[in-house]
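Several structures are given next for inspection.
Here come two complexes built around chain A, the first alongside chain B, the second alongside chain C.
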Partner chain A sequence: MNTVLSRANSLFAFSLSVMAALTFGCFITTAFKDRVVPVNIHVSRVTLENVEDFTGPREKSDLGFLIFDINADLQPIFDWNVKQLFIYLSAEYSTKSNALNQVVLWDKIILRGDNPKLSLKEMKSKYFFFDDGNGLKGNRNITLTLSWNVVPNAGILPLVTGSGHISIPFPETYKTPMSY
Partner chain B sequence: MLDIFASIPTQMDYKGQKLAEQIFQGIILFSAVIGFTYGYVIEQFGWTVYIVIAGFAVSCLLTLPPWPMYRRNPLKWLPAQDSAVEEKKQQEKKSKKHK
Partner chain C sequence: MNEYHMEQGEQGRRCWQRQAPPLLCQQLPDSGSSCHPTPGSAILMQSLEMDLFGDLRRMNKRQLYYQVLNFAMIVSSALMIWKGLIVVTGSESPIVVVLSGSMEPAFHRGDLLFLTNFQEDPIRAGEIVVFKVEGRDIPIVHRVIKVHEKENGDIKFLTKGDNNEVDDRGLYKEGQNWLEKKDVVGRARGFLPYVGMVTIVMNDYPKFKYAVLAIMGAFVLLKRES
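Moving on, here comes the complex of A and B:
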């Protein structure tokens, strides 16, 4: 504390310690928050095709096309410890070969300050909905859920699944659009 | 060039050092409390950081330079003594002991 440099050193160290404590406080004020919000998913049309999957088994596999609407108000999730949300729509279903299949169909990053009210109409999926066989044809129960990763300033990275999912049956035949 | 900087007196006396430490700790803790509350209310952690940085800058300005208020209690050194006289006295003491 006798010279300028030693004073600057202790001042800087003390400031950093205080900043670390504040960051921990920011984490602890939001750590136990419930970040589930209701989500409304609606599927308007499903088409099923049987095409060769060049990335996978090189056999003809089922490829589904979905047209969907999503309505959700994500505003309650945002607080001072949220930088952005990574939201994604995933399909879950079971086939003979796998008890659980999960396919991400669509995703979006919502930054802080973006419009947190999702109101999407007639959306096409962003990624191919390929099964690794013929498990989509005539599948009675394909469940669509919207989940999100909460990217924080400090602390854990929670993975939350929105409440409200939809289960749809897939068509029994290929290339015949099915409307709901 | 460096000698110029070295010749600038930057020392504080002991009481001044204690005062400087108390001042910067007080300012930074105060700005931390204000920043935390403000950031929590407006839900922007960035403002918490800015306010703490502002407190850091203010306390730098207040405690880094050796302002006169930190130099009010200088150490009292013994008066300078003539070294030749000192040596003579010591020699005399030694010679007395030997006798």
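Moving on, here comes the complex of A and C:
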């Protein structure tokens, strides 16, 4: 009975089970971890325009430009089951036409081994901050948050929002820069 | 199996002018033995050393029926697990295989994603969704970068692949600017690397797939339970 094939078979089956058990362990040990860290966001300048949304809808829409700083240490998030962090700065606000709007302004991929300390100064947004209409002008409450999607080696893909957000009012007029 | 598989090969390799190919995904087979790679290959290897029909000749009628029923049991339990997952997750294809590199370095070709699609779960920016676009058979896995939700819950959102330079409006139907809830197949909740390579290899070499299926089926039928 102990032929080469039967031995290879049991070796294969055994190593597959060991790998499955290890992968499961990797997942279960990190599945319930709290991955919130403090984040410091500062906006120094906001400008508003009203132009045709050339990214798609072709309607006159409010377009915001922000200059921002971000400081955060993401080191505590990393452990043996984190392959990469997808971090993104998003603006959340409500307008007359939409109860909830979320626009991602900037994002960055941090791989394991990259510098996990964020210290960004005078950053411009990576994507256009177009509203779905004209709801940015005079909007008193635009909330900026930094969140991250944890991509594991194997396991769940949680979305986490950093503690520390800021709310800023937007200018009442177009093309007049507002400083904070 | 299903015809779905045959089409994905060529489309998955299509190139896009403005960006990397969209992250396509493929449904796992919803029936049959390929859902159980481990026991299948164990059976396969064990029996290579013995003569093929020896067991069959030694069986009486009753044992033969038992073998056939046993085979039917394996097929139907695989089907039940798949359909049960669909009910539990609310997604029409709860497990998908990543076929292209537009979400790199997060997901590579051959990685496995587990999806849920609970209707009460809102769609939010930063989430990874699997969606279908009219005129395209193969669902796409990309990240939500813009959400506009009305008071009554009507939602429209925009997606982008992490590895792409521009958003997905070029991939949507001509003139379509937003995706809606009805386009969503599921939201990525779990991740398992490499495992999907098995089905990719099977699809790239259909003959290999049928050979494996035939051999596995034959051995389940012909081999006597010890």
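Everything below uses one rule, namely that the second predicted complex is superposed on the first by the 176 of 180 C-alpha atoms of A that agree within 3 Å, B and C clash if a C-alpha of one lies under 4 Å from a C-alpha of the other, contacts with A are read in each partner's own complex, and residues count from 1 in each chain.
FYI, contacts are C-beta pairs under 8 Å (C-beta built on N, C-alpha and C of every residue); 3 or more make two chains touch, one makes a residue touch a chain.
Just so we're clear, the structure is a prediction, and the values are computed from it rather than from any experiment.
**Q** Answer with clash or fit: chain B and chain C placed together on chain A by superposition.
**A** Verdict on chain A: chain B and chain C fit.
**Q** Contacts for A:173 in the overlay, against chain B (first) and chain C (second): which applies, first, second, both or neither?
**A** After superposing on A, A:173 lies clear of both chain B and chain C.
**Q** Which partner does A:101 reach: the first (chain B), the second (chain C), both, or neither?
**A** It touches chain C, and chain B stays clear.
**Q** Does chain B (first) or chain C (second) touch A:2, or do both, or does neither?
**A** Only chain B is touched by A:2; chain C is not.
**Q** Angle at chain A between chain B and chain C: what is it in degrees to the nearest 10, using CA centres?
**A** Seen from the centre of chain A, the opening angle is 40 degrees.
**Q** Using the touch definition from the top, say if A:26 reaches chain B (first), chain C (second), both or neither.
**A** First partner only, chain B.
**Q** Report for A:127: first if it touches chain B alone, second if chain C alone, otherwise both or neither.
**A** second
**Q** Applying the touch criterion given at the start, work out whether A:153 contacts chain B, chain C, both or neither, answering first, second, both or neither.
**A** After superposition on chain A, A:153 lies in contact with both partners, chain B and chain C.
**Q** Among the partners chain B and chain C, which is in contact with a greater number of residues of chain A?
**A** Result: the larger residue contact count on chain A belongs to C.
**Q** Applying the touch criterion given at the start, work out whether A:14 contacts chain B, chain C, both or neither, answering first, second, both or neither.
**A** Touch status of A:14: first partner only.
**Q** Per the contact definition in the header, classify A:75: touching chain B only (first), chain C only (second), both, or neither.
**A** neither
**Q** Could you state the shortest Cα distance, in Å, between chain B and chain C after the structures are superposed?
**A** Taking the overlay as described at the top, chain B lies 12 Å from chain C at its nearest C-alpha.
**Q** Which chain A residues lie in the overlap of the chain B contact set and the chain C contact set?
**A** The overlap between the chain B and chain C interfaces on chain A comprises residues 3, 8, 12, 23, 153.
**Q** Tell me, which parts of chain A touch chain C in their complex?
**A** These residues of chain A touch chain C: 3, 5-6, 8-9, 12-13, 16, 23, 55-57, 83-84, 86, 88, 90, 97-104, 107, 109, 111, 127, 132, 147, 149, 151-157, 159.
**Q** Could you pull out which chain A residues touch chain B in their complex?
**A** Going by the criterion above, the answer is residues 1-4, 7-8, 10-12, 14-15, 18-19, 21-23, 25-26, 29, 78-81, 153.
**Q** Under the stated contact criterion, what part of chain B meets chain A in this complex?
**A** It is residues 10-12, 17, 20-21, 24-25, 28-29, 32, 35-36, 39-40, 42-45, 48-49, 52, 55-56, 59-60, 63-66 of chain B that touch chain A.
**Q** Report the residues of chain C in contact with chain A in the complex, numbered from low to high.
**A** Checking each residue of chain C against chain A gives 38, 41-42, 45-46, 48-49, 105-107, 124-128, 143, 145-151, 156, 158, 162, 167, 169, 177, 188-193.
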